[in-house]
Every structure is written in structure tokens, then in C-alpha cells.
Amino acid sequence: MSILIDILLAIIMVYLAIQCLLTPRLIQSVFLFFAFGLGLALAWVRLGAIDVAITEAAIAAGFLGVLFLDALKSFAPKVSVKQDNLEDIYKLPRRNIKSLILPRVILVLGLALFLFIALEAVWMIPDGGGLTASAEALLPQSGVEHPVTAVLLNFRAYDTWLEIGVILLGLLGVFVAGGIKLYKKPGASKPDPMLRQVILFVTPVLFLFGAFLLYIGKTGPGGAFQAAVLWGAIGILLHLGGKPIFAMIPRWLFHLILTMGLGFFLVLGFLLIADGRTLFEYPPAYAGLLILIIETLGAISIAAALTAIYANLNQMEEETNEVEPTT
Amino acid sequence: MIWFISILLPLLAAILALLSPAVRRVAGLLFVSATLPALWLGLSEVTGVTVQWFILETHFFLDTPRRIILLLTAILWAAAGLFAASYLKNDARQKEFFFYFGAAMAGNFGLLISGDVASFYTFFALMTFASYGLVIHVRTPFARRAASIYLVMAIIGELFLITALYLAVQSSGSMVLAGIPPALAEAPNGQFIFLLGLIGFGVKVGAIPLYFWLPLAHPAAPAPASAVLSGAMIKAGLVGWMHLAPVGLVEWSSLSLLMVSLGFASALGAAIFGLTQVDPKTNLAYSSISQMGVMTVMLGIGLYGGIPAALLLPAVALYAFNHGTAKALLFMGTALPAKVGGSWRILMWAGLGIGVLAIAGGPLTGGLWTKYLVKTFLGETSLPGAQTFLLLLTLSAITTTLLLSRFLHLLSRIEAPAGNKAPSFLLPWILLLFAGGWWTMSPALLPAELMNHITKEKGIMAFFWNLITNWGALWPITIGAVVMVFTLKFAFLNRWPTEKPLLPAGDFIHVILMAGDPVAKGLQKGLDLLQSFMKTLHGPEKLFYRILDENRTIKVSGSAESSLRRWEIFGISFFIFFMTMFFFLR
Amino acid sequence: METYQIYSLTSAILFIIGIGGIFMARHFIKKIIATVIMGGGVFLSFVSFAQRDAITFADPVPHALVITGIVVAVASAALALALARRIYQLTGEETFTNDK
Amino acid sequence: MIHLPSSPFPALLVGLPILMATLSLFFRPGGKAAVGLMGSILTAGLALIAFVEVTQRGTVIHILGGWEPPLGILLRMDSLAAVFIGMTAIVGVFISLYAWGYFRAQETSAEGLPLFWPLWLFLWAGLNGLFLSNDLFNLFVTIEVIGISAVSLAVLTGKTPALFAGLRYLLAAITGSMAYLFGVSLLYGSTGTLDLGLLGEVLEPGPTTSFSLLVITLGLMIKMAGFPFHFWLPPAHSSAPAPVSALLSALVVKGAFYILLRLWMEVFGVSLTYAAGQLIGLAGAIAVIWGSWQALIQTSFKLIVAHSSVAQLGYLLMVFPLLILAPGVSADSADWLSPAWTAGIYQVIAHAFAKASFFLSAGLIIMALGHDRIESLRDLVGNMRITALAIGIAGVSLIGLPPSGGFMAKWMLLKGIFLSGQWWWAPVVLMGSLLTAGYVFMLLRLAFAPAREMNTFRPVPKSLEIIALMLALGSFLIVFPADSLIQFLESSGVFGSGIESIIEGGVYGND
């Protein structure tokens, strides 16, 4: 019985993925992407990966979906105008459109062959055993009780630290790529009274729920990233509600919030090295406490970065036009 | 350490001369002192050293033939350096000249003393490309054209010889030069490798049919540079051959015959071509080709086997020594007649005369010796047709004499300045002339073994006397001189071209063209290409340019590249690569 | 057939849909969505193996890797989105078609 | 693995640049540059100290968090990593100095330019992390750090062509890293470890292993712009600001090559066959010819240099076929292994120096002329003597004339080719050199040619010209310690074992 649910879910996911790419309308495509993300999150619940499910739902489907929706704001209307006249979009003579067919046929054939080989590879995979046993054995020394948190913030803390760096890097990249003035604070959207009320109501709830997720991460599913997204959602909502949070605080504070997760992690690591240990080798007695601090700071930083990414992308069109387009 | 110093000093001199005007004022001394370590190496008995710590092991190595050539090289560079310092005193591009001069000097010394393939090639390339700067120095259209042809040929040569060297290293299994000839003798593709080297170094030597850059490039350079080009640097190719040739170890009859006949073709043909020229320096350049032809013959004999390398190679080196000093003397001499006046002219003509005699093989000169050596070896070899070759050798002596008499004749037409005048660069010329004490005594450089072999243990002095009185060796030069005198005196004189050469200098291609229209038409395209080389300052990339100028080529390859940039094509190539590779894996 | 196998096979299919989308989709946004789908496939395969290797709990290492991976993928996607929007803003182009 | 000496340097090498990058965010543009430059110099100093440490103590490791593999991550700095880190440090510090002057001399219009410094330091940290990493997933994170910062750097000018190129680059990079990650996932599923050393021991041949090897190789080839996946490179590298182009060409693409080399040597020996190596070599050979040819027909300087990168990266791929032995050849008789892979390393270093110098010179030319169309290079020698010299010297190294680093690389590659009997690669190497000579001489000819009309060369800072020249000279100077460098590389036991594992694979051949 349960296997039927899995099969059904798998089929739905594949259908959504294909449909999402094939549908001619961009807005449909984005909504299908939302649905696909939720389907993926469900799949992860089925696979017992609650942490991943929360992260996926929150970041990959939620946050990214919001970004895509926001992007539609600039893309969508013009796309629908151009839909009427296909040839205008491609700006190619007929001959060239025809010449596209052959490569695509070959591509589909290639994809099919590739699919068979990939399926064979996945099907024939030997059982490597995984690392469950060693993780279980070392869990008591890690300072937390939830194994995923232990791996994330202790056993493979280095990856996690770099990943916090990647988010910050992504924000810097958005600044550069979007042509956004670094020192101009993002302005507020037009406040909508209704929205404002909702936001004022929702914000504390989200905050508390985020804090709960963060705290629970020590013993069960939840943790820094999940909390971060919720807190990031607060920032986004506030931004939408006419209260751009980063326009309100001094810049140094903004930078401090952005970097403190990465910075604290790193400074702690350096102190540990100075103490004769290796990077991120926490003293077992303090491990639990240190991990909690790191998670909290990390969550705040990530939330700030996500908010800033959204706010800056959201403001892109109004921001710029100072750099001359060159051809 | 002396090994490094002998290479580094010229380089240092080059850089100093480039940077500091004060140094340029004493450039003559600078260059002479830069040759001293090499000179010492040429005179001493050290054999070699291996430097482990320097770039994958560097070897330095000298044996008798190369020591002789090193000595020659050092003398020539010293004399040319002194000469150049005063000859180019007021030249605008003096510092560039000195820079290239020093760099070429370093390369020349380096390639002679290096004992491994990598450094040999490095220095060979350094010398080749630095002398480009010498050829193009005067920047006249003629010099530019000569320089671009030089560069094209040099690059073609480099390609051949680097392939030959790679293959040789591969078959010998080590970078050491000394190991190559035995390895080639063993290797199944030894003949092929040697043939590649024959072509590669043949460009430098000026062997038929690769010589046509030489009568253009050597005269184009200023007199001291021509002297080292024709006297010393041309021998680098010979040294390269000597490194590859398994003399005395093999019996490669076809290659041997090829070399011998090409050598005689050069020796005779170039001399005859040279006779039609009106520029004394071009004349000398042809004479160089002809003399290098004789040396080619000697090496060719060696490839037939029977004569051990220890006897043949020093003899070749001695020939090179004799020819080098004399040729340098004559090249520098071409700068003299316009500047030397009064009683100094007697000295000048005497010196030039000695030089000519030394090359032609006149009495009391090293030239006679070396001709005799060639004769001896030709007599001993079992090469088929040796008798004909002996005859050809005699004939070449006649043509050489004719050519050089013509050279003297051309010089004599140059107007002398009034009064008792001597330019300051006469001094180094005279010094070189006195270094010419070596010409008669130069056989002393030969190893005792070879001396014994030639003199048949009769004692050197007795033999020496015998040689002088030997009519058999002298009659060609006499005939030559007589013919020349008659030519000058009588009928030919009026018709002999002096303004415009009968045949254009150097271009073997022109001869081919005259051979017939069909060939000419076929070659026209290639010639156009060559023409476009010649038109520019820097030639070889013009070849690409030529192809590139074709709009279609650019269009096609450009659109190919941009189609690779299409995502669909990216996908297709992704899958093709995937499938092919997957098929290959286990 | 077990649960994890269904999902690992699905993961391969999603990966291929994603890669095909990158090659064939025209609009920037769709290409970016395709990369996210491709990533989803990869992460799904990680997690399905974690389920297979479960003892008392599922293998935590792939879970942690996937969380890290998702965040990294989102950061790249956000950057791509910023680029795409900027290009559209400056030129009105929304595909690579007219870029040689 | 545990008995190797431990050292804090590997961790510091990643941590320090990120710390400085983070710090620099707090400052205004001028301060960013100062902190960034200081960070570069400190990182380079640290890298050189670490290099010396490795020469003294041999391979050192750093067990992160004290958790040993397979659960934890281990940073390993062996001689190969040390050489790459040292190269990054030297080239990086020169480019940093150049960037300091370059961005100050520029009247900036784009807002992003001050962000060069944090992005570059992140990139550096990513590169160091990549060279040190011994863990498949951690490698993924580092290539993402590199990828995102590289793309952000490439679009720093904010011009339209740069944006197009950047998006193309980013999408290709994501495709590559996702393909890589899929392979990693399958490998983890089939072995239960991510550590390279352990993986090499337990990996068994089979369809899964082959498939993961393939997607990983393809992903990395996309990232290193191996033919036919080089399409993103020329636009991206040519439209970035000069110091960034130099970084991208000299360092970033080498990261993917490094992983590919490591993985093929140390992990995938079981699945590799002679034919697979030949295929990669073929891709490299085509890249050499095609890239050089494309470089020849370009009319802008930066595009020439960018296409030339494609060709030079092809030489790196040509190392692989030599390292995989034909069936029936034993390791003891295969004396070409060492020249072949050291040729690869030398090519990496020589190309890094020469190409960095080229791009920096291109930046100066753009600064002086306002554009980089090559017809305007006429009389460069008269106006920008030092830059012309730098282009000439770097060009000579690129062609592979002696005694440059490029010559060393090609010489050893040819040695490997002839010794292994795979002579069919030799014409490619020579042909590549010839074509390279074509475009280098084309540039030089123009540089020497007299000006047709008055070109207005604006003055450029002399110090920047000297930096470009020094990098060019660097590509020559690296020849001198060649012997000791090769010995140092060979001393790495880790690498030797990698070759062994390939040999085992080769002995069984294609059965």
C-alpha cells in the first residue's frame, strides 16, 4: 500500500518536472515549480528526511519560488505579448527554426540513452553500507542528540561553514550581477494597509516558530537553516509591508549581522587552532553550547542574507539605469 | 664554472652594451674579454663536466673537433667584436647591434660546449634568432627581405632539427649528445633521423637545395657580422651534423652518396653562381656555400664507413678552422678598400691575398693542408666513384680560385681614398691576420694520431716540404689564376657584368623558374606566398595571415565556433562524449 | 521493490529531465528552473541511499550533505536569476538566441 | 593516513582569506581595497610558509574537528597541493598588486568594482580549499565557492556582453557541478565513503562506478573548458576586467583540472582503460588545434588570449592518455609516467604565469587605447615598451621556445609521448606550437610595425606594466628550479600510488 503512494508521488514529481519545463507560459512554469518543490519535500518526508524536507520546502521551493515569482514581475507581461507572435520572439528566419528540429531529435535520443544507462547505474548500485554506524557511535561525543545536526555542525562543520560563506557570496554576486548600488539601502515597497496588519500579526509567530526550530535542532529535526528561512521570511514580509529592515539599521550593523555567523564560526575555529586543536574541534564539554551559539548566529546571518537577496532583487528595476547599456 | 662563465659573459656583455652608453664606448674590449673564457677552453685540455643541479642535468663537453671549432669561433668573435666596436662607432642602432651580437655570441659558444641535447638546442635557437637582429641591422629593403627569408628558413630548419633531436634522444634514451651517434647506428630508423637532421642543420650550413637564404643574408649584415655569420655561425650546422653522424660506425651507402654528391654540387655550383655576382660580399657568401660543400663531402665519406671518427672529424674541423678564419678576414676586408689609403693599401692587399690563397689552397697555407686531407680521405674510402670525385675536387679548387680572383677584382674597382689613411678598424683586421699564423701552423691542432696517419710517420717537416713542392696540389690554383688573368685582361672584361648580376643573388628558385613555364606556373602560388613573406618585416606569421585573409575561412570557422556555443550542440556533444566514453570503460 | 529504489530511480529521471531542460529550454528562467530540478534529482538520490542504509536512524551524512547542497544550489540560482533579470532589463533579451 | 604529521596550515590557508574577505565588507571602497590587498599579501605569505613546511616535513594533514575520515573531513597538503597553492599564491599576489593599481587608475562607472576584493579573496579561499580537500563532497562545495565568485567577478563591469557571458558561464558551471555531484552521490551509495584515499581502496568496477566516473569527468571537463565544452570560456574571459580575466584563466580553470587529475590518478584506476585515456587525449588534441586556430582568426586581443587558453588547456588533457598503460605493459617498464604528469604540472604553472601576464597586458592596452582591437596595436613598442616586452616574453613561453617554462612542459610532454610510443600525439604538440607562434608573431609584428595613423596612447602606470612583465619573466624563471621541483613532486608518495592504481587498471585492459 505504502509503496503505491511512493510510486504515485514519483510519477507526479516527474510529471510536474516535465510539465514545468514544457509549458509555454512562464507563470505556469513557476507555479508548477512550486508544486514540484512541495512534491520533493513530500518525497523526503517519505524517506524519513524531515530536516531535508523542511529545508527544501522553505528554501528551495519557498524562497526560490518567491524569487522566481518576483522575477515574473519583470518578465511576465512582455512574454504574454510576444506569445502571439512566435517568430518575433526568435527573430530567426524560418529556415533556422527548422534547423532546430534535428538537434532536438538527436538530443532527445541522447537523453533516452543516457536515461537507460543512468537507470542501470542506479539499479545496479552495490550496497556501500553508509556511515550510519560510525555516526551513531560518535554521536554521544558530538554534544547534540540529533544525528543530522551532529553531522552538520560538528562532524562536517567545515562544509557547513563554507556553505554559510556561499550564501554570503551569493549575496555579493547578486549585488554585482544586478548592477545594484552597494551603498544604497533598499527602499520600501508601497505599503498596503491590509498586508501590513497581516505582517504585524504574523511576524512574532514566525519568529517564535523559528526560534523553536532552532532550539529543537539539538534533539530532533530542525536547526539553523530551517530557522533561518523563517526569520528570512520575516525580513521579506517586513520588506513587502513597507518596513525594509535593512534600510532602518546602520550599515555596519547590517554587515555585522550578515557576517557574524561566518565570522564567529571562523574565529572560534582559529581560537581552537591556537589552543592546539584542529579547526572546529570543540572541547567535548562545551560542544553543545558552542553549537547552539553557532546555530543561532548562523541562522541570523543566513536570514539576513536571504532577506537582502530578496530585497535587492525586488528593487532591481527601480534601482539602476545608471550603467549605460552597451552593445 | 668556466663553462657557465664562457656563456654568461657574452650575455652580460650584450645586456651591458644595451643598457649603458659608457660601456658601449669600450665595447671592443668588452667583447674581447667576453671571448676569453671560450678561448681558454679552446686551448686547454678539459673534456667536460656534468652539472646535476641545473635544469634537469646540464652537461658540458668538448672533444678535439669541437675544441678546434671553439677556438676558431672564439678568435673570430674576438676579432669581429673589436672590429665592430670601431666600425659601428657612429651607427644609430649601435646598441641593438651589440645586444644581438652578444646574444648570438653566447649562443654560439653555448652550442659548442654543451653536452646535452636540451642546452644544445637552446643555444642553437638563441644563436639563430639573435643573428636575425644582425641580418636586419641596416634596415634597408634588401636587408629586410634577406632577414625575412632568413627567418622563414631558420624556422623551417628548427622544426626539422627539433624533430630529429627528439627522435634521437628517444632512440638513445638519454639527453647526452655523445650517446647519439652510436644510438643512431643501432636504431632501425637511424637513417631517417639523420636525414631529418641533415635537412635541419643543412639550412644553417647552406647545403643545396636549402642555401638560397645565405647569399642574401650574409651580405646583408654589417661587415663584422657577416664575418662571424660566414666564419663561425655557419659552422654550427656542421657541428650539428657531427653530433648526429655515426661516422665510422655504419655503412649507409645511399645517404653517404647523397651527401657527397650534394656536397660536390654545392662546391661547384655555388662557385659558378658566385662568378656571376657583382657584390663582393655576395661573392664571398657563395664561396662559403661552396666550401661548406667540401666539408659536406668529408662527412659524407664518413658515413660510408671504413674511416674512424677520430681521424675524420678533426680533419673536418681543421677544414672549418681554415675556412672560417680566412673567410672572416675577407668579409671584414670588404669594408677596407673604401677606407684605406696610401701605403696601408699594400698591407691590405697582402692580407686579402693571403686570405684568398688560404681558401683556394695556395702554397704555405693551411688551405693546402686541408685540401690534401680531403684528397687523402677520398683516396682511402671505398665509396664507388671515388676517382670521379677526386677529379671534381680538383675542379672545385679551380672554380674557387676563379671565384676569389673575381672577388679581388671587384674589390679593386672600389675607389681608394686620397692620402695615407687607415681606419681604426684596420687594427683588429691585422690582428686577425696575425692570428693567421695559425693557417700554416694550424695542423698543429690536429691530434697526433691523425698527423701520423697523414704523414705516414715521415716527420712533419719533411712532409711539409714535400707538400709545397707538390705540383699535383698546386696546378689547379695556377690554372685558376691564369684563367682569371686572361679573363680580366682580354675579351671577357668588357662584357663581364659589374653593375647588375647575371643571375639574381641567391635565388635557387629563379633557376627553377627558368627551367620551364609549367613548373613556374605551379610554383607561382607558392612564390606569391613567399613574396608576401618578403614584403614584411616579420615573415612567418604572414603565412597564416594569407590563409586568414580568406574571408570564407574565417566565416566558416567562426560559425563553427558559435554553433558549438549553442546549448543544443552543447547537449549533443555532451551525449556523444558520454556514449563513446561509456563504451570504452570497464 | 523497496521505497528507496523507487526514489533513486526517480532521482535519475529528474536529473535527466533537468539536464535536458538546460540544453533545450530557451527562456533564462526555464533554464534556471531546469538546474534546480537537476539538483533536486541529485539530492533525491543522496537521500534515497540514506534511507537504504538506515540502522536505528537513517544515514545522517547524506541528509547533512543535501541540506548543504540545497543552500549552495539556491545561492547559485539566485545569482543566475539576478543575471537574467539584469540582462532583460538592459537589453530586453530573455534567451541566448541573439547572443552569438 | 593518521600517522602523517598534522599541521594547522591547511586550515589557515582556507580560513585567512575568508576572514579578510569578511572584514573587508565593513569598509568603504578605499578601505576594501586596502584590506583586500593586505589579505592577499598575508595569504600569499602564509601559502609560501606552508609550501616550505611541506618541503621540510613532507605531506601534512589537518583532521577537521578531530573526526577522522570517513565520517569527518581531512585536509591533506602533499607536494602536488603545495605546488598548486604556491603557484596560486605567487600569481595571485601579483594580480592583486596589479588590481590595486588598475582599479584606482580606472574612473569607475560600475558600482560593483570594490567588491572585487572580497570576491577574489573568497575565490582564493575556494582554490586553496580545493587543492587541500580530500573529500568528494567538500570538493563540490569548494568548486561552488569558486564558481559563484568567478562568475560574480566575470560580470564585475556590468556590461551587457559580460552579463551574457556570465550567465552562460554560470549555467554551464551549475550543469558541471550538478553532474559531478550526481556521480558523488552514486559513489557514496556504492561505497559509503567520500574520502579519496579510502574510496580508491574500496571501489569496485561495475556499471555504477563507470557511470559515476563518467558524469564526474564530464562535469569537471565542462568546468575546465575541455573541448567540446569550452564554449563558455572565450566570452566570459574576454569580457571580464583585466585582473579578473587573468585570475580566471590562470587559476580558476586549473582547479577543475586538479580534481580531474587527482580523481583519475587516485580513485578511478579500477574502471579506466587505455581507450578511455585515448579519448580524453583526443579531446585535448582537438582543443589544441581548434583553440589555436580560433585564436588566430580573432581580431581583438582579449579574445585571442581567451581562445589561446582553450588550446593550452588541451595540452593538459593530453597528459591523461600517457598515464594509462596499454594492456600488458607493466609499471616498471613505463618510464614515461613521471615526465608525462610533471609535464602537465609544468604546463599548468607556465600557462598560469604567461596567461596572467597576457591578460594584464591586455588590460593596460585597453587602458591606453580604450579598446583592444589588434590593428591598433601598431607601434606598441614605441609607446608601451614594457608591455610589448611582456607580451613578447609571455608569448615565447606560450609557444614553447626554450628556455621558457612552456618549453619545459612541451619538452617533457614530447618525451613522455615518444617514450610511451604514442607518437601520434607528437604532431599535435608541434602543430599547436606552430599555430601559437602564428598568433604571437601576429601580435608582435603589429607591435613593431610603424603606426599608420596617430594612435593616441594614453599613459598608463608604469608599475602595472612592470607587474605584467614580472609575471612574464616568471614563466621563464620557473625553469631554473625544474629539477628540484620535479623531484619534490615525485617525492609525494600519494601521487605515486595513484599512478600504480592506474597501472593495475591498464594491465587488465579492455576485457
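Observations
As written, the chain order gives the labels A, B, C and D, with residue 1 at the start of each chain.
Criterion: a contact is a pair of C-beta atoms (placed from the backbone, for glycine too) under 8 Å apart; a residue touches a chain by one contact, two chains touch by 3 or more.
Everything numeric here is computed off the predicted structure, so don't read it as measured data.
Relative to the centroid of every protein C-alpha atom shown, the closest chain centre, again from C-alpha atoms, is found for D. Each chain gets a centre from the mean of its Cα atoms; for subunit C and subunit D, those two points are 27 Å apart.
For the pair subunit A and subunit D, the distance between C-alpha centroids works out to 30 Å.
Distance between chain centres (mean CA atoms), subunit B to subunit D: 43 Å. Inter-chain centre distance (subunit A to subunit C, centres taken as mean C-alpha positions): 11 Å. Counting partner chains per residue, subunit D has residues 71, 137, 141, 144, 148, 151-152, 155, 158, 160, 163, 166, 168, 186, 188-189, 192, 210-211 touching two or more of them.
Each of residues 104, 107, 111, 114, 117-118, 121-122, 125, 127-131, 135, 151, 155-156, 159, 163, 166, 169-170, 173, 177, 179, 323, 325, 327 in subunit A touches at least two other chains. Chain contacts: subunit B has residues 565-566, 568, 570-571, 574, 578, 582 touching two or more partner chains. Contact topology of the protein chains: fully connected, every pair of chains touching.
Residues of subunit B that touch subunit D in their complex: 52-57, 118, 121-122, 125-126, 155, 159, 162-163, 166-167, 169-170, 536-538, 540-541, 543-545, 548, 553-554, 557-558, 561, 564-565, 570, 573-574, 577-578, 580-582, 584-586. Partner subunit C is touched in their complex by these residues of subunit A: 2-3, 6-7, 10, 13-14, 17-18, 20-21, 26, 29-30, 33, 36-37, 40, 43-44, 46-49, 51-52, 55-56, 59-60, 63-64, 67-68, 71-72, 74-75, 78-79, 89-92, 104, 107-108, 111, 114-115, 118-119, 121-123, 125, 127-133, 135-136, 147-148, 150-152, 155-156, 159-160, 163, 166-167, 169-170, 173-174, 177-179, 225, 302, 309, 312-313, 316-317, 320, 323, 325, 327. In the complex of the two chains, the subunit D residues touching subunit B come out as 168, 172, 205, 210-211, 213-214, 217-218, 221, 228-232, 235, 270-273, 275-276, 279, 283, 293-294, 296-297, 401-403, 411, 414-415, 418-419, 426, 430, 434-435, 437-439, 441-442, 444-445, 448-449, 479-480, 482-484, 486, 505, 508, 510-511. Of all residues in subunit C, those touching subunit A in their complex are 1-21, 23-25, 27, 29-30, 32-34, 36-37, 40, 43-45, 47-68, 70-79, 81-86, 88-92, 94-95, 97-98.
On the side of subunit D, the complex with subunit A involves touching residues 6, 8, 11-12, 15, 18-19, 22, 25-26, 28, 62-67, 70-73, 109-112, 114-115, 118-119, 122, 125, 129, 137-138, 141-142, 144-145, 148-149, 151-153, 155-156, 158-161, 163, 166, 186, 188-193, 204, 206-208, 210-212.
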